[in-house]
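Some structures to go through are shown next.
First chain A sits with chain B, and in the next complex the same chain sits with chain C.
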Partner chain A sequence: MSAPTTQQVEPRTPRRTLRGRPELYTDYAKDQALLNTPAKRFWTGLLLLAALVLPWMPFATRAWIGNLTVVLIYAIGGIGLNLVTGFAGQVSLGHAFFVGVGAFSAAFLGGSPGRAAGGLELEMWVWLPLSGLIAMVIGLAVAPLAARVRGLYLAILTLGLVFLGEHIFREWEFITGGFIGRSAPDPIVGGFNLYQRQEIFGVDVTREAIYYTFCLVILVVMALLARNLARSGSGRAFAAVRDRDIAAEVMGVPLLRTKVVAFGVSSFYAGVCGALLTIPFGQITPENFGGLAGLLLSVEFLAVILIGGVATISGSIIGAAFVVLLPRVVEIASQYIPFVGGQGSGAFLTVFQVNGILFGALIVAFLVLEPRGLFGLWLRVRNYWKAWPFSY
Partner chain B sequence: MEALIAVLIRGLGVGSTYALLAVGFVIIYRATDVVNFAQPALMILGAYYTSLYVFNVGMPFPVAVIAAMITMAVISALTERIALRPMVGEPPFAAAMVTFGVFVVLFILAFRLIGTNVIVVGDPWGLERIDLFGIRVNQIDLAKIVISMIAIAVVGVFLKRSRVGLAMRATALDQEVALAQGVNVGRMFGLSWAISGALAALSGMLIGTAAGGVTPLVAFVALKALPVIILGGLDSIQGSVYAGLIIGVAESLTRAYSSTYFPWVGSNFDIVVPYAIMILVLMIRPYGLFGTPEVQRV
Partner chain C sequence: MVMIRPLSEALTDTSVDLPEGKPLLEITDLALRFGGTRAIDGVSFDVKNGELFSIIGPNGAGKTSIFNVLSGVYRPQAGSVRFLDRSLLGMRPDAIAKLGISRMFQNIELFDNLTVLDNLMLGRHQHLDYGMLSGMAWVGKAKRIELTNRRIVEDIIDFLEIEAHRKFPVGMLPYGIKKRVELGRALAMEPKLLLLDEPVAGMNVEETEDMARFILDIRAELDLTMIMVEHDMGLVMDLADRVMVLDFGKRISLGEPEEVQNDPAVIAAYLGEGDEGPTLEDEIAESKGGQDVEEAAT
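Now for the complex of A and B:
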């Protein structure tokens, strides 16, 4: 006697039924699909295509491709912070610490031994995931502690990690190279250097274009994984904990485990982000990720998710673009604004200060006016046109 | 033994300035539920005004200190009125970001005023030492302890005994109920900021009396007040006094002895000791030593 099959084969919905009804779902799986509307499928594909061909356009200078690469890497870190802060509601100011752990792990695993520091000279396909895993292990170790405190206590506790991190980065010379730091590892996969001018099928390719494409692939994979996590049982547990942790606990969501998982996954993303960041940085020092610079980096990542959109993956990517490219735009604009100048130019405000003020103002403006961030602005536009010509 | 006591007294001296700063944070937090990240900038400006009144105006030192405290009280009350009052009812995180913005603005102002110079506040103590029960201690450390404790005691008595203090505590307890009882809640917000600004000015003066003087970058010393308020509990004045002293002493002990007894922690471990203590204590008491546990319902 065979058990009755629980999986019934759904009859294909006839095309006639679907025509003109793009949002008609005949089964749950389709409704929950990652790209569940034709518009999403179309635009995601088009954007991906655009991102892929961008470095081959004649107008793309190497400096701008470099900037865009940093956008992609920040997006990975931003997605990580969004998982723990946006989805699970645990405000973390310690993200820079985990990014730093990833960066130094990568430098140790992939770098060559120097004066004081050791190095294993591994290939990138080993050190990239391992850096993420090391950051994740540290995240998992910190998480049970972080799960005990909430709100402002948690924010300042995680801020403490950044300062402790700076101390460790400075003192553990064998791993980090100490005060002066160490140079980035070579991104070699199977003997192929991803950050070197190469000839591929007879075409001369800049190192920026190769690395950009590589980071794009990693971002797409990690964004898909995060999106998938967010719609899974764990993702729903995150949201429940964020919305009301006591209620979630009462309904049987394991509070500690959920927070630990959120911190662990988020740290993994941060670690990968840090490992990838080493290449554009070139030289990594404790000052990049610890102390005040670390605090600023953490605030930048918060800006990524607050400006981009809390608890959305695509928002993290938009936010990363905004946060990374805004200082560049300010730098260019500063040539035309009389009272803004570079460091030491004697102008009323330096570019750095203008950036700080703009970030602060933008974060406050978004928190007050549109807490859903740039993604929320897009939702408004979309809903307006969906309902058009009616106003609601 | 004598060396140990000297180290302890130095620690208490530093710790009492942390306590002073932390009390400022706590008063604002209790009144408005906002962690005031602008406090470090207020501290630096306080030191600047003390120096200005002593050297450019020619006031005697104690008068100059009081004048600087009043100046900073006015500046921070104005800051509250202009930047923070519109944020009432907005998410606390947004208000905290506003204080961060205020910090940036005031910090740029401090850079404009002080420049790259090192300013001294013109204190009468200098580097002199004095005999205390046969132990040579720096006068400055005693001054820090005595002045901070008096200032905190005055604030404590004011909150506990006076009518306005009662109104402030009522505001801290429940803004709407206080409003219904006829308390001018907005004025209480301004007053909290004013007290906090005055305390910041005083601590800026005390930090500036050290041999190093004050540069704008000293503002970041005030970040030490963050682990102090967390350790003591965000809403407890008493807690921030104890926590400030504990952290000051711990820091001073680490600086003096860590290279002898714990060489593996590395040099300059004293800088991060406040954060390490904060994390350790939060493991046992998630709301700090004296903080009120948050009671919540679903």
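Now for the complex of A and C:
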């Protein structure tokens, strides 16, 4: 051993103390880390790995990978709504409008010019972030108005956006293609089409698998950014405004600015969600995002955060899986349940109606029984096992 | 491991250099009406630099209203409020907070869903000078600033002896601890003027003693100017440098504790409360005698 140098050596906790006590924090940086327990590190790693290898499993059909891709994209939109509604407490029914803005921006920026509509044929690395930014700018423009009302009035004001959106999407043909809509842009990055069967290192890869993997990466990045936002000063400001706005202001949190920022970030996430959604949709029309269908889409996103867990990022992902996959499961199950059938089959209940009933019941059940959503249920299970065999 | 530092090393910006005799806060002819009620009716007073100034008075006298005017929550109809030679009138609460005024609320106003740590970190909000994007990336500047402020918050947690509750959502904590967390959040703002609205209301004797000790320690360590509204007369007479008495929004007395105690106008005001209200002397005797002061506070 060499003699200790005169250099200042950071005092260290001896390894002996640390071994077997992974939850003993020796500095605040470790305590503040996102994955601050071994269990969190393990499960996050495992889930990520599972998500990555999933499309390569023999049982993964193209249709199912497509469904899972929609889950990933919905999760991005869900995180966006959770930021403004779950964290900042500003209930928005206008989320579908911003998703629509993102979708049509993407279609215009990335699509080719058609009969009535223009198109810039840009590559995806331009149109994807730009669609988010355009939605964000519109969100920032609307926010100062929205930030002045609260509760039911805010819900109604943001609902108005959806119907305003339907009108704009229909009339502004040059951008949106008008009534019949327009086709999705090509997701080309550096000449490489992300939605086309490709041979990669001699392996034949389906377009669904490629696009799924791409969306997974985008989701991971955006979820990480949102988690950081939530634990930083801005995230705390959101929660303060949600819980007690006057106290927040007295503590030095600017009320209007905080709400506007929350709307802006949320709209960015919605815009990216919409842009990504164009690809699995293939063709996008004003009916996808405006009017009654838009309202339904907004409610679906509310279901994502209510079922998944208000003010949690991981909850938004679980919620998205639930909301996107449940109708598919119902569809499959309907073949085995006698009084449920497809549209026009003359059955007592259509699949569509069963979905509506299930969602309604689930939202009410979660609101009443477990406001923290599936994430809250998970916490209960975890705490039960932590405390086992004690029941308190 | 991080060493515990004295509070004065964590919070360095709480005392003000003012020329001798220059008050920190000057209020003149302040008037605030709600419809027909005159909550504040032509009140004037100064708070000296470094002083512990106390405001007392029967229920509804207008004490909390003065705090609400000071922190920008209420807009007075007339009068002037000057702090560090600037007028506070028309300023938004968050701007006033930036100037260096922080407060505890009469009815606890903590962020119930957040942990003790996050509540105190919110007190540091105006000292976090990194942008939202930097926060989202959580590298470099944002991370560094979060860590230094976390340390300051930990020092306050140590000082207030609430280490065990650090990671609990404050909504679940007992009342006495919540009051401490609220004091901690106000301290974390590193204010130049601290407003305490009934800091020991509803507390038992030991909790009251603890709170008194914290207030004395804060004075000794930080040289921080404070205004305290309190119904616990024992506490006011022991701690305050000067006392102002309000009744129906009007100032009826101002001076050192002994002067105010013997002021006929004050005695009359407290006697005038009739059968349901305790007299000033009763209240002093009661709190000094170690009785529960809850009744007097509500």
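Note that in this section the second predicted complex is superposed on the first by the 380 of 392 C-alpha atoms of A that agree within 3 Å, B and C clash if a C-alpha of one lies under 4 Å from a C-alpha of the other, contacts with A are read in each partner's own complex, and residues count from 1 in each chain.
As a working rule, a contact is a pair of C-beta atoms (placed from the backbone, for glycine too) under 8 Å apart; a residue touches a chain by one contact, two chains touch by 3 or more.
In this text the structure is predicted, and so the values were computed from the model without any measurement.
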- Message: Quick check on the superposed pair: does A:203 touch chain B, chain C, both, or neither? Answer first, second, both or neither.
- Response: neither
- Query: A:57 contacts which: chain B (first), chain C (second), both, neither?
  - Reply: neither
- Message: By the touch definition at the top of the document, which applies to A:152: first (chain B), second (chain C), both, or neither?
- Response: first
- Query: Regarding the shared-chain residue A:349, is it in contact with chain B (first), chain C (second), both, or neither?
  - Reply: first
- If you stack the two complexes on chain A, which partner ends up touching A:369: first (chain B), second (chain C), both, or neither? neither
- Task: Tell me which partner A:229 touches in the superposition: chain B (first), chain C (second), both or neither.
- Result: second
- Name the contact category of A:160: first (chain B only), second (chain C only), both, or neither. first
- Contacts on chain A seen with chain B and repeated with chain C across the two complexes: 244, 246-247, 250
- Which of the residues in chain C come into contact with chain A in the complex? 1-2, 71-73, 92-94, 96-98, 102-103, 105, 109-114, 118, 121-123, 125-126, 128, 130, 132, 135-138, 142-143, 146-147, 150-151, 154, 185, 189
- Query: If you look only at chain A, which of its residues touch chain C in the complex?
  - Reply: 11, 13, 26-29, 32, 225-226, 228-229, 231-237, 239-240, 243-244, 246-255, 261, 265, 311
- Note on the structure: Residue set of chain B touching chain A in the complex reads 35, 87, 90-94, 97-98, 100-101, 104-105, 108, 220, 226-227, 229-230, 234, 265-269, 271-272, 275-276, 278-279, 282-283, 286-288, 294, 296-298
- Mind pulling up the chain A residues that touch chain B in the complex? 91, 145, 148-150, 152-153, 156-157, 159-161, 163-164, 166-167, 170-171, 244, 246-247, 250, 292, 299, 349, 353, 356-357, 360-361, 363-364, 367-368, 371
